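What follows is a group of structures, each given as structure tokens.
Here chain A shows up in two complexes: once beside chain B, once beside chain C.
== the complex of A and B ==
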């Protein structure tokens, strides 16, 4: 037994060291930096300011706007992401021919790099003259849809949400589908024999047995949404506009002192770190809440 | 026992490999290696020019090896972390304004290297702007730019426009003539260049200092100046008279500037990199013209104030070879390399004896004619969050016809007052 413990330590040590150096130490450093007015990563010139960075964030209209944007992405984007995910799963399990082909098509958006995806959406699909939407809707006579200014100031946030949702669905379909595949078919067959329709089977068998998988998916969706950076940064590729601003972009502009950004070009590493800490706190809070909500449902096993 | 011995041997080998140092020791006093983190990308024309400069320098200095790494624009975000981590870098590229604002501790003041020979080939306006608080020069300008109205000369000729507008009325008259030949007079990408339009508008209306006074006035009342209203009305008229490409509200960069390149629109307020950016679409036959942003009705400023700036090369303060590094940078601003820069990149040259070519000939004349130089967007971003949260969105709504001139003034005033009252 003794040498097994030694073996365990020897083989775990590199991983733990890696975790500590790459993840834990920087996280702790970021947390400490959030209490300083810092312009450098490693230096003694940083000034301790206590909670000032956090107080400034809570007063910042731009930060509040970014949080409300990401909250909308979570609520409404989340609803449509999971709605379409389940819809595609329903379709795939309906016995449709070419299931593998459709599964690949559904997952394809996840394989497209974000740079390519945002360029496709902004410069092709949404383009006001040559775009797919305007041509398609005009061709089929839906002039009111063709007239929508998809990348105008009123719609740009929703247009970005559509693009993000499109890019997310496939991944959750794969995870949820794998979870459903583990449910024994006998349960569905028995339910069918007992006269249960597809919808009843979905609500009474699939959803309860998928509880833990759904919990994980919602938690992961929360983490991904609160950390959104690439889509907002690339959707308006020169300057991120107020309508699509998110906390991660705000953090980036403060920490790196973007000259056309929120800090007016000054490096505000401490304040940027505070944004990162707040994102982490929100994620942890949401995760705890999600677990508490799901714990209220009885655990079902098969 | 055997198993334990085997595990200890494995652990020993792994530990040794973790601490192995594969670097060769540099021989002292023989070869010097200069490391340059360049802001250009490998396949950019500017990178070709840098390679030429490096090659010429190495030919003249056989005991020096230059390791130039093309990091792209993100070098600005990487460099400080790299320097703090102990990376040995000698040269990097940076906007002097950014270097001065944030990084003056990291870079070497270059004043002692600015001999008369060097100063003689550089325009003063580019060398001495953006000095440190101690009055030191941190960067050698290498890629200057201006912001002006770029236009299609063929459209002007077809419309019978014989001179470039200097006043707002002349500008509106030009727009009417362009519309008569079926061209959209003007467009822009609102996510990219709203800031320069606002900067020029306000500088022309109330002057550079007046603009900054309005940004810093915590009551917001400075925005209610009649000249600001006149500026807003000028832009309101521009939209109401149908002078903008009607799809402008939806253009995201680079869609708007492509419309000029495709010949559908005539004018666009942009930086002097514009012709080279759209060269794949325009080809080399495009007849470019440039004029300074016109005067605003009732405004205090003429049309000679010009937004200008430069990227530059800086030497890291901890460089072991600053003299060699400066000499290398001086090769990039030599006459031969600058001629290559103009030819390959199509940018504005730094060397006073090198003339720009083609699209930027007119642009360079604006530099000579300018009596006032200002930074990007007339320093709009000194307002920090106010710029992105209030000023730019509100001005964009005015330009694109969503709000009236009166509403613009009120929103700017109220937004400024509210920002200062909630954040202080």
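== the complex of A and C ==
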């Protein structure tokens, strides 16, 4: 369809304006600001400092900790997220009854507001007095597991990883599931006739044909992981430690000068921006790498 | 088992069927499935159910692990709603969520419509811009947006948060609706144009009503993601009177260490959780469709 120029402008201008104000201009500004020393939101005297903000970040132990945490969430959390996602999908597709019900309860944790989910985990499941884990494990006689202090300093990071994985797995399950639904059924039927079992079909038909969907999921997982903010911040409400630190929380503390935060109460907008730029660079690098790795596999068409 | 009896088993179809049914790999997989999904379901019901029951008990009962000993304490709910001001935060949240969604429909649908079937230079580039925006982390945007809104005095105002919510919802909404408009037939539109209706009029009178299913899906999707937003609200409306429900409950959770007021915390948690849960009970298929439809096409 060809539309008149005025129609195009009337229809597109508002969203492009929003795009400019919320995405384009801020992205450019954050990038520029990361080369400045800036301490005020309005009427600040910004001084150009080159790469100093970045060099300071690379030396900061807190920043390094936040990056290593997010990396652990990516690699270990990612392993469990995809392991369980594929297991759930395999089981959902095994021909059981009530699969749409099971699919909807697997997705449900995604919809629980983070504050509600954190309350459930930290004030009930992990709670050292009336908690579910302590009662459950001591009832079945696993005293070593019952003795674990889930929200203690040594465990809180891993407890958070469990909560995050539980809360995000459903998204990957329904995306991958929808991808499988688009694979023509004849492929599975003829494989069954040839004597291939369910597991063989899963590894030889489903996985290769899902290549692009899996790639999208891994890319999305990377973006979601590097954006983690709510869970790490909220988990500190039961135990104020730096164990759950991630770059987004670090940046928030720099930008708003939290008195007990990373900058000791000072507002450091330039350094905060540098964190944002580094997160974006990591996301882009990972996405490119993921695409490169996936291109190595032959594209399979149906 | 001697050779004869083995022979008999193989010869008798009924017996063979019995053995197959017993050791069929499908049956084993089904059993494992029910067990695993059962555990997941029980955990969900147990966790949320316990919070629900605790929200109707007293703090003393929660502490001494004797839930519901003294009947149902619905006053926990009235206490948090009125005493902790959650009722106000609830209506704040309603406003912060519904205003952007309403405005978003009138901005995103016309844009998606011309992007879906228009032939003009830069069309693919614009579509690509929206897809790229979905990868930009919120922390990359936060500082400049805060600076800009401070300059025009929109920090800690309803309009400020509404602008942000519209902005961050646009990429996915346009992306999703573009796909939806593409699936609609062109004939009706062409007929209207031949009859002399203007392009703008054709869109609002004919195409917009046709796109209703897609628009409803995107509204539900945005409702869920904005209702569950923590990050933007924390930065842009974190004052006593403008807080969202999420921030109100977070405040109770954060001060738990000093107050030890479990009954309030769990009641507040239920107030926060129930709206999305009730929505999900009725609309789970639509919500799941909204999540999958957009992501797969990319």
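Keep this in mind: the second predicted complex is superposed on the first by the 287 of 302 C-alpha atoms of A that agree within 3 Å, B and C clash if a C-alpha of one lies under 4 Å from a C-alpha of the other, contacts with A are read in each partner's own complex, and residues count from 1 in each chain.
Everything that follows uses one rule, which is that a contact is a pair of C-beta atoms (placed from the backbone, for glycine too) under 8 Å apart; a residue touches a chain by one contact, two chains touch by 3 or more.
What you are looking at is a predicted structure, and each value in this text was computed from that prediction instead of being measured.
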| item | value |
| --- | --- |
| When chain B and chain C are modelled together on chain A, clash or fit | clash |
| Partner chain in contact with A:213 - chain B first, chain C second, else both or neither | second |
| Chain B versus chain C as contact partner of A:167, first or second or both or neither | neither |
| Partner chain in contact with A:108 - chain B first, chain C second, else both or neither | second |
| Partner chain(s) touched by A:232 [first = chain B, second = chain C, both, neither] | neither |
| Which of chain B and chain C A:29 touches, first, second, both or neither | second |
| Which superposed partner A:152 touches (first chain B, second chain C, both, neither) | first |
| Which of chain B and chain C A:78 touches, first, second, both or neither | neither |
| Partner touching more residues of chain A, whether chain B or chain C | C |
| First (chain B), second (chain C), both or neither touched by A:272 | second |
| On chain A, positions contacted by chain B and by chain C | 3, 7, 10, 14, 41-42, 123, 129, 237-238, 256 |
| Contact footprint of chain C on chain A as seen in their complex | 1-4, 7-8, 10-12, 14-16, 18-19, 21-23, 25-27, 29-30, 33, 41-42, 87-88, 91-92, 94-96, 100, 102-109, 111-116, 118-120, 123-125, 129-130, 132, 171, 174-175, 177-179, 182, 197-198, 213, 216, 219-220, 223, 226-227, 229-230, 234, 237-238, 247-248, 251-252, 255-256, 269, 272-273, 275-277, 279-280, 283-284, 287 |
| Residues of chain B defined as touching chain A within the complex | 3-4, 7, 10-11, 14, 76-77, 80-81, 84, 95, 97-98, 101-102, 189-193, 195, 247, 249-255, 376-377, 381-385, 387-389, 392-393, 396-397, 400, 402, 418-419, 422-423 |
| In the complex with chain B, residue positions of chain A that touch it | 3, 6-7, 10, 14, 39-43, 56, 59-62, 65, 122-123, 126-129, 149-153, 235-243, 245, 256-257, 259-267 |
| Complex contacts: residues of chain C adjacent to chain A | 25-26, 29-30, 32-34, 36-37, 40-41, 44, 46-48, 50-51, 54, 62-63, 65, 107-108, 110-111, 113-115, 117-120, 126, 129-130, 133-148, 150-151, 163-164, 166-168, 170-171, 174, 186, 189, 199-200, 203, 224, 227-228, 230-231, 235, 246, 249-250, 253-254, 256-257, 262, 265-266, 269, 272-273, 276-277, 280, 284-285, 287-288, 291-292, 295-296, 298 |
